[in-house]
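In the two complexes that follow, chain A is the common piece, with chain B as its partner first and chain C second.
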Partner chain A sequence: MKQNIIGALCALAVMGGASAQSPKKPVAKPSTKAAAAPAAEEKDAATLEFEKFRAEMEESNPAELFEMKGQEQWKAKRGPKNVSLAESCDLGQGVGKVEGAYVKMPRYFADADAVMDAERRIVWCMVEKQGFKFDDIAKQPFANETFTPDITNLVTYVATHSRNMKIAVPLDDPKVRDAYEVGKEIAAYRAGPYDFSCNTCHGTDGKRIRMQNLPNLSTPAGAIKGVQGWPGYRMTGGVMLTHQWRMGDCFRQQRFPQPKYASDAVAYLLTYMIGTANGQVYKGPGIKR
Partner chain B sequence: MADPMKIRAQLKGDVAEIRVLMSHAMETGQRKDAAGATVPAHFIQSMTIDVGGKRVVDGQVGGSVSRNPVFGFKMKGAKAGDKVVVSWIDNKGEKRTDEAAVA
Partner chain C sequence: MTKKMILAVAMAAPLMIALPAAADGDHRAKAIAVIKKDFQPRGQAGLDRLAEDGVQAICNRTGNKPPDYIEKAMTADQLATVKYPADGKLLGDWKEGEKIAQSGRGFTWTDNPGLPVGGNCYNCHKIAPKETSFGTIGPSLYQFGKLRGNTAETQKYAYSKIWNAKAFNLCSEMPRFGHAGALNEKQVKDLVALLLDPESPVNK
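Then we have the complex of A and B:
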């Protein structure tokens, strides 16, 4: 019996995002796919291989490491006021309740008199309840290769507790509806040196950048693709990033100035995007190449 | 101190699947930072796995392995409830040990 244990041990399989490794390569989809409309998606061998790899990675998503840290930080007494978020922060489901909170945001919070997405709400709690300084959080709000801010861990933790739940942004709330409409306007706002709007890339079906298909965010099927997988672990660099970060990255690609962290604009844009994806199932923190 | 690992050990038939997620920077020592200075090497050098008090993996890990690596193993002969103890040591002598039970 004991010899079995040693004898039958299989070789070790290393998976991950090291730059030297090949599993990332299938990402570049061959051009055969591009000509066809993305609706009739023909999956070539490389795409299938990549999907297999991603399914494998999703089973052991390093996002879990950040979630573990986020859980600790959610429950720990922290900040100048020495209170925990678990005993003070209401994400809309009651103080300290995280179950299903992520898929029901953005929503309107009367105490803050603002429509807030999950990240903005947690930042608000950290400032108002725990006494952290907003400017300190906003100084470096997103992760890089050597640093992951607490807020990213916390968002990942909260998002995990909405895994496999339906997205239900309360659009019948007039304040949320207003935010949705403003977000829609922002998505359509053309500016910058390229005269781009969000909709230039994400407003119609069948668009792509290089071989990357771009979801049409004005449809529920497209919007869910833009919601799914955030917050996400990006294998390139091994960095955990949030949906707020992704909004800023689109602004960057449009050659817009960066939106203010945890601002109305980003919350409204997210309300439009996540609200459009209402009714579809959120799979929890994801993994990105 | 190093961050905890995430260990999952699941029995499927007579084969136990062990998955270990480690939190580590895994710097190769070849990268340069924004200022052009070399980022010092910092990676896990060796790891061991004990299942039910018996060493089943004693392996070496190098700088080519990704940040926050995932390791997967399959083994026969494990029983539900067996303790799985995973340890690693990196090139700076930092170490970490975590455990889980086969489920």
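Then we have the complex of A and C:
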């Protein structure tokens, strides 16, 4: 069967130039757009429960707890080299400067010769400046019910210092622009047992999985929804989770294998997504369903 | 894995020449290289899942809009993969079909590969009216049987569509449930019943 497809295709491809001009033959396709259900207005129990939870939480803002821990860890001398990130780590705004750094990443860092999102950059500093081992950090990079890694606190701390600032990923830097374009292709790449890509679920306006609204990541209005509130305190499980975690969990839903922690693939995807949200205001770490 | 990859590559070359460049080939090539190096296997999700099969390769290279002649040839090939029950009976038990349609489990790295895989149908479709938590990636299937008629022809169409959605629409967002080994003949029959049986709540 497979041979069949290939044979036919290669043959077709060769005569492609001519066939492409041939009159359009109708292909039996059910009309999809017309039949699509309108976005339902009614909210399910889980949504209502979440909204209540968020209203309660916004008063106490659980992210603050992690931010405070992150601030301590940013300033403390730590790791085998016994230096602080405050005195060694450049997030793109100068050594130790956190103000506005989060909304200007991903960016290109010449010392690492890589495009890095905030989490990746902080990990790089922990390894290069403080002497931590990457593999130790990557072993358990995200929080669960009983454990929150330092990196999550640090990202939350840094993100807090971009609250109410405009997202400004430096897309005029050719290296960042290239990462953006590659990230866009990663988002469109269909594979796996279900033929899914990010765009299957996040490529059109107004779609839902069950009752969960799916932001259309290809538009500024949708992309900001995918950026807003991350890192976020998640009602499910009551844990603080980062944007890198969200990328990984969507690859899981996509039935893909797991993206490596703090890798190019994730950094490029984030460059595409956050870059698409450029110009819009980031409201800081938030609360997520 | 390697066979699949070789096939994808073998096809990609002539196609890139024959097709108008729908997407940026250079960035796509980089994206594929990055994907190949930056994933690790976890649970049942092995690295073989990153390789494109023929359909995926064409859809990825044409922005999901293959030219008609490719659409025609390849949908026909996909239709030929559909396995029908030996006894020719396509209508199963709608009650079982409803359970399968509800379940979204299976194939992720956190799923136990020993357990049955769900149909995920409500993730994307409105189906029976009682279930108000439904997705909208696909069209509403409410009253599918009433609108299309519970004929031998519609049964065959529904069965084939669920088995291999790409047999009718090459770059459909809907998975190929039978083809992917997610659902077996009996499960697909039960889903056909959910959509077409006059007794099913879908058609009440």
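Please note the rule applied: the second predicted complex is superposed on the first by the 233 of 289 C-alpha atoms of A that agree within 3 Å, B and C clash if a C-alpha of one lies under 4 Å from a C-alpha of the other, contacts with A are read in each partner's own complex, and residues count from 1 in each chain.
Note that in this section a residue touches a chain if its C-beta (ideal position, glycine included) is under 8 Å from a C-beta of that chain, and two chains touch if they have at least 3 such contacts.
Every value quoted in this text rests on a predicted model; they were computed, and no experiment measured them.
A.B. asks: Regarding the shared-chain residue A:48, is it in contact with chain B (first), chain C (second), both, or neither?
C.D. replies: neither
A.B. asks: Give the label of whichever partner, chain B or chain C, reaches more residues of chain A.
C.D. replies: C
A.B. asks: Which of the two partners, first being chain B and second being chain C, lies in contact with A:258: first, second, both, or neither?
C.D. replies: The answer is second: A:258 touches chain C but not chain B.
A.B. asks: Could you look at A:268 and tell me whether it touches chain B, chain C, both or neither (first, second, both, neither)?
C.D. replies: In the superposition, A:268 touches chain C alone.
A.B. asks: Check whether A:76 is in contact with chain B, with chain C, with both or with neither, and answer first, second, both or neither.
C.D. replies: A:76: touches no partner chain.
A.B. asks: Between chain B (first) and chain C (second), which, if any, makes contact with A:221: first, second, both or neither?
C.D. replies: Neither partner.
A.B. asks: Mind working out whether A:95 is in touch with chain B, chain C, both or neither, as first, second, both or neither?
C.D. replies: neither
A.B. asks: One more residue to check, A:211. First (chain B), second (chain C), both or neither?
C.D. replies: After superposing on A, A:211 lies in contact with chain C but is clear of chain B.
A.B. asks: Report, in rising order, the residues of chain A that make contact with chain B in one complex and with chain C in the other.
C.D. replies: On chain A, the residues that contact chain B in one structure and chain C in the other are 1-2, 4-6, 8-10, 12-14, 16-17, 20.
A.B. asks: Under the definition above, what is the set of chain B residues touching chain A in their complex?
C.D. replies: Contacts found on chain B: 3-4, 6, 8, 19, 21, 23, 25-26, 51-52, 54-57, 59, 64-78.
A.B. asks: Using the touch definition from the top, list the residues of chain A that touch chain B in their complex.
C.D. replies: Touch residues, chain A against chain B: 1-2, 4-6, 8-10, 12-18, 20-21, 57, 59-60, 62, 64-65, 68-69, 145-146, 233, 235, 237-238.
A.B. asks: Considering the complex alone, what residue numbers of chain C touch chain A?
C.D. replies: Per the touch definition, chain C meets chain A at residues 7, 10-11, 14-15, 17-20, 23-24, 27-28, 30-32, 34-35, 37-42, 45-47, 49-56, 58-60, 63, 67-75, 77, 80-81, 104, 107-110, 122-124, 126, 132-140, 166, 168-169, 173, 175-176, 180-182.
A.B. asks: Taking the complex as given, what residues does chain A use to touch chain C?
C.D. replies: Residues of chain A touching chain C: 1-2, 4-6, 8-10, 12-14, 16-17, 19-20, 22, 24-25, 27-32, 34-37, 39-40, 42, 44, 178, 181-186, 188-197, 200-201, 206-211, 214, 252-253, 255-260, 263-266, 268.
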